[in-house]
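In order of appearance the chains are A, B, C, D and E, and numbering begins at 1 in each one.
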Amino acid sequence: MIKTLSQRLLGPVTLVLLALTFWLGLWVTPPDKVQGNLARLLYVHPAIAWVALYVSFGTAAIASALYLWKRTRSVVMDRVAYCAMEVSTVFIILTLITGSIWGRPTWGVWWAWDARLTSTAILGLFELAYLALRRANDDPDLRARRCAVFAIIAAINVPIIHFSVDWWNTLHQGATVFTENGNLLVHGIMLWTLFISLFAFTLLFFWLLRARYRLEVLRATRYDVALDEALAQRRREGVH
Amino acid sequence: MVVLRDAVVLVGGFPLLSGVNLDLDPGTLTVVTGANGAGKTSLLRLLGGLVTLTSGAGTVSGVDLKSGDLRELRRRVGWLGHEGSFYDDLSVRENLTFAAKALGRPTEEIPRVLERVGLTSRTTTTAKLLSAGQRRRLGLAWLLLRRPETWLLDEPYASLDDEGRTFFDELIAEVVRSGATVVVSAHDPLRSSSLRPRTLTLAGGLVVGDVS
Amino acid sequence: MVVLRDAVVLVGGFPLLSGVNLDLDPGTLTVVTGANGAGKTSLLRLLGGLVTLTSGAGTVSGVDLKSGDLRELRRRVGWLGHEGSFYDDLSVRENLTFAAKALGRPTEEIPRVLERVGLTSRTTTTAKLLSAGQRRRLGLAWLLLRRPETWLLDEPYASLDDEGRTFFDELIAEVVRSGATVVVSAHDPLRSSSLRPRTLTLAGGLVVGDVS
Amino acid sequence: MIRIALLVAGKDLRIERRSRVLLWQVLPFGVTALVLCGLALGPLHAGNSSAAPGLFYLVMLLVALLMINRAQVIEGSPGTRASVATLGLDPAGVFLGKALALAVELWLTGVVVLAGSVLFLHTALSGTLSALPSVVVTLAALAAAGTLYGALSGGGQGPATLLPMLSLPAFAPLLIAGERSFSDALHGGSLWRWWVISLVALAAYLAIGILLYGVLEES
Amino acid sequence: MIRIALLVAGKDLRIERRSRVLLWQVLPFGVTALVLCGLALGPLHAGNSSAAPGLFYLVMLLVALLMINRAQVIEGSPGTRASVATLGLDPAGVFLGKALALAVELWLTGVVVLAGSVLFLHTALSGTLSALPSVVVTLAALAAAGTLYGALSGGGQGPATLLPMLSLPAFAPLLIAGERSFSDALHGGSLWRWWVISLVALAAYLAIGILLYGVLEES
C-alpha cells in the first residue's frame, strides 16, 4: 500500500521539486557578486555531478558488488547495476556539458586538462566501455559477471575524482559547500536552493531508474514469451 | 553420477536442449546418438559445465548445475570435444608436463601415457602440427593423466584409425569398470560388443529413445 | 585427372609425403586410408594446391603442380576439410548467396541445394552456430553449387548422421558418374556397395596398398 | 572487377554491421585514444591545437590497424580461405572490395574522431572542415595500403603483431602528408600541395593492389 | 598459488620465446612506433625531449595491447580452455602467472624502447636511468591491469577490438602517473609523488585480480 503510493508519487514529486528548483534558481535567488547570473548554474551542475558520481554510479557499483557476492547474487542486482549505469552515463555526460557551459565564461575555455575534468571524463569513458562490454556478450551469466567486475574497477575512479581538487591544485572549484573545517561558504536562500536541487535530481535519478528497470523487466518477459514459442518449435523438430 | 530433470538450455534465444530427463549411474557407459543438430554436443556441454542450465535441475558428480560451483564441476569431469584440447604451441610432451605439474602428479607417468595412446614417436612435435587423429590421441592422453569421475566424449571415433578405436574401446571398458560415468556421443555404434552401453537417442533437444 | 610422380612434400623439414605415385582417371572414386599420421590429409592438401610440391612431379585437373598456377588449380578442385569452409559470421543462406554471386550462378538454385543437403530449416542461422554435422552439410552445399572437376574430401563421414551419409553416398555416385575425379580420405569403408571405389592405403607418407 | 568489388565490400560491411564492433568498440576507442593522447602529451601540448592534426592521424592509424586486422579475421580459418579460393574471385576485385569496405569504415570513424578533436582539443572548426577533402583521400589511401598489408602479413593467420610492424613504415609518408595538409588547412594555407601527395599515394596503392593482390593471395 | 603462478608464467614465456614474436615483431614495432609518433607530432615537438615520456608510455601502451591480446590467444580455442579448466588451477595463481609473464615481456620491450628514445628523441640518459624504478613499477601495473582486462574482454574469443576500448580508460591514470614521474626524473625533480600512485595502482590491480580473476574465468 505505502509502497505503491510512494511509487505513484515518485514522478509527480520529482517534477514539482525540479520546478521548484528552477523557480528558486532563476527568479528568487540573487545573482552572485563575482559571477553574476552565471552562478545560477550552481543549482544545476553540482546536483547533476552529485547524482552522476555518488547516487547513480554508486548504485551501479553497489549492485555490482552485491552481484559478485555469492549470497546476494541475482538477476535483479545485475539489472539494477546495468540500468543505473545507463542512467549514470547520461548524468556524466550532463555533468560534462553543464561544466563546459560554466567553464566557457569563467575560465575562458570549454575544456581544460584539469584533474577533476579529466578524471570525470575518464569515468565517462569507463561507463561507455561498460555499455560496450554489455553488448559484446550474449550469455547473460557471463555478461553479468564480467560487467560486475568491470564496474568495481571503474569505481576506483570515484574517490580520485572527488579528491582530485585537493591533491592537484587545479582550475576546478574546490569543496565549496562544505569546507574541511565545516564552514559554509554558501548561505541563506542559495544554500536552500542548492539542497533542494540535490534532492530533486536525486529523485529524478530514482524515477529514471525505475522506468528503465521496468523496461528491462518487460523486455525479459517478452523474451520469455518468445522462448516458449521457440521451445515448442524445437520440440516439434524432434517429433518427426 | 548424472541426474537431469527437465533440463532446458537456451543460448541466444534458441533452445539447444528443450527438456531432458536423465539418470546415469557410476560405472555405466551411455552412448548418445541422434541426427545432426539433435543436441548431442549441447547435452555434453551442459554436463561439462560449459553452458549454463536455463531452467530445470541437474547434478553432475555431486555438483548442482543450477547453484553449484561450475569451476568445481569442470574439475571433476573430463571433456574431449571436436577441437583440440591442449596448447597448440607446446609440444606433445610439454603439454602433458604442464598438465601433470598443474595436477601435482609425478611427471614420470608421462612416458607410460604416451605409450598407451601411441604418441611415443611424436613427443617433441608441436601440437598444432599433429594430424587429426593424433590430436584426438593427445586429448585422450590428457584425460588419462587426470582420470576424472565423469568422462564426456564428443564423437571420439571421428578421425581415429582402427588401432586407435580398439585402444579407445579398451580404455573405456577399463574406466567404466573402475566406476566412472562415461557419456559418449556417436553416430556409429561402438565396436566392442563387450561394453553393452545404454543408448539414448536425441531429437529436437529431447530424449526420444532409450535402449539398454 | 590426377597424376603424381615421386611426389615429396616437406614442411618445416618434415616429410609429409615421401614419394607418392598416383594415377587417377576422371569418373573414378578413390578412397585413401591409413593409420593416423600416415599422410592422408597431406596428400589431399597437395592435390588441392594448399601445400607446394618439394620434389617430384604432378598434375591435377590439367594444372602442373610444380610450374602451374596454383590459383587456377584451386579454382578447379573442390575441397572439404575438417574445419568449416565458409564465412562463420554469415548465415547459411548468405554464405550460399555469396558463393553463387561470385560464381555468376543464379541464386534461384540455392533453395534446391539447401533442400538437398537438409539445411532448409537452418537457412537463417549464423554458420558458426551450426552443429558439427550441419557444418559439414553446409560445406557440401557450397561444393554442390560449384560442381568442381576434382573433389577432395577429408573424412567426409565424420560427424555426418546416418541420413547424411546416405545423401553423401548418393551425391558421390552421381558426381562420379558425371565424370568428376573424387578422392576421399576415410577410416571407415564407404557404405554404399554400388560405388566400388579404388582403395589406396598410405603409411609413412607412401602408398603401401592399392585395391580396386 | 567492379561487380566482384561490390560483392566483397557488401559482404565485409554486412559482417561488420552485424557485429556492431564499429559502433560499440572502434568509435569509442577512437575518441578514448584521442583523449588519452592529449593526456600523454600533457596539458601543455594538448591545450594548443597545433598538435591536433598529428594526434588525429595517430589515432586513425591505430584504428586502421584494428580494422585491417578485423578485415582479415573475417576471412576466417584456413578452411574458409581454401573454399573461397575455389570461387576464383578476381583478385583485383577482392582487393578493391576490401579496400572500399575499409575506407567506408575509416571515413565513419574519421568523422567521429574529428568531432572529438574539435570538442576536446579545440581544433578550429572551419579549418577542420576545409581539411575534409584531404582527410578523405588520405584515409582512402590508408585503406588501400592497409588492405595490401593485411594480405602481406599473412591474412590474419599469423600473429596479429606482424601487421603493425610491417605497415608502420609504409604508413609514415601518408601520415606526414595528411598531417601537413591538415595543419595547412588549420592555418588557412593552401591545401593542394600535400593533398597531391596523398592522392598520388592512393593511386599508387590502388594500382599496386590491383596488379599484385593476386600474387599475395596465391599461397 | 606461487607454484601455479610460476608454472603458468613459465608456460607463457616458453610459448612466447618459441614464437619469437617479441624479438622480431614487438620490439621493432615499439621502436618504429616511437619514431612515427615523433613524426606525427612534427619536428617541432619531437625535437625537444619534453614529449619523450608521453611518447614512451604511449608506445608501451600500444605494445601492451598487442601483448595482452597475444597472452589471451595463447590460451587457445574454447576446447583448450575447457580442458585447462578441468585442471582446476587456482585462478589467483593463473592471474599472477599471466601477469608476471606479461610484465617480463613489457620490461624487456621497455628497455629497448627507452634506448630508442635516448637515441632518436635525444632524451637525457641520466634522467632516463633515474626514471627506471618508476618505469618498472608502472609497467608491472600495466601488466596486472592488462591481464585482468584480457580476461574481461572475452579472453581472446571476442573480437580483439573490445580490449582497447575497455582498457584505455583504466590505463589512463597509469599513463599519467608514469609520464609525470618520468618527466620529473628528466627535470631532476623528486620521483616519489607520482611513483606512489603507480605503486598503489599496482597493488590495487593485483588485489582485484587475485580476488576476482576466478569470477571471470568461471564460464
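What we mean here is this: a contact is a pair of C-beta atoms (placed from the backbone, for glycine too) under 8 Å apart; a residue touches a chain by one contact, two chains touch by 3 or more.
Everything numeric in this text was worked out from a predicted model, so none of it was measured.
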Set of chains adjacent to chain C and to chain E: B, D
Among all chain pairs, the one with the most C-beta contacts: D-E
Taking each chain's C-alpha mean as its centre, the one farthest from chain A: C
Chain centre separation in whole Å, for chain E relative to chain B (CA means): 38
Centroid spacing, where centroids are CA-atom means, of chain D and chain E in whole angstrom: 25
Separation of mean Cα positions, chain C and chain B [Å, integer]: 29
Set of chain E residues in contact with two or more other chains: 19, 159, 162, 165, 168-169, 172, 218-219
Junction residues of chain A - those touching two or more other chains: 122, 125, 128-129, 132, 136, 139, 141, 237
Residue list for chain B, restricted to those that touch at least two other chains: 12, 14, 52, 82
Chain-chain contacts as defined at top: A-B, A-D, A-E, B-C, B-E, C-D, D-E
Contact footprint of chain E on chain A as seen in their complex: 68, 119, 122-123, 125-126, 128-129, 132-133, 136-137, 139, 141-142, 145-146, 148-150, 152-154, 156, 160
In the complex, chain C residues that touch chain D: 48, 50, 52, 70-71, 74-75, 77-79, 81-90, 94, 98-99, 101-103, 139, 142, 146, 148
Of chain A, residues touching chain D in the complex: 109-114, 118, 121-122, 125, 128-129, 131-132, 135-136
Complex contacts: residues of chain D adjacent to chain C: 4, 7, 11, 14-15, 18-19, 74, 76-80, 82-83, 85-89, 91, 214, 217-219
Interfacial residue positions of chain D with respect to chain A in the complex: 20, 24-25, 28, 31-32, 35, 38-39, 42-43, 46-47, 119-120, 122
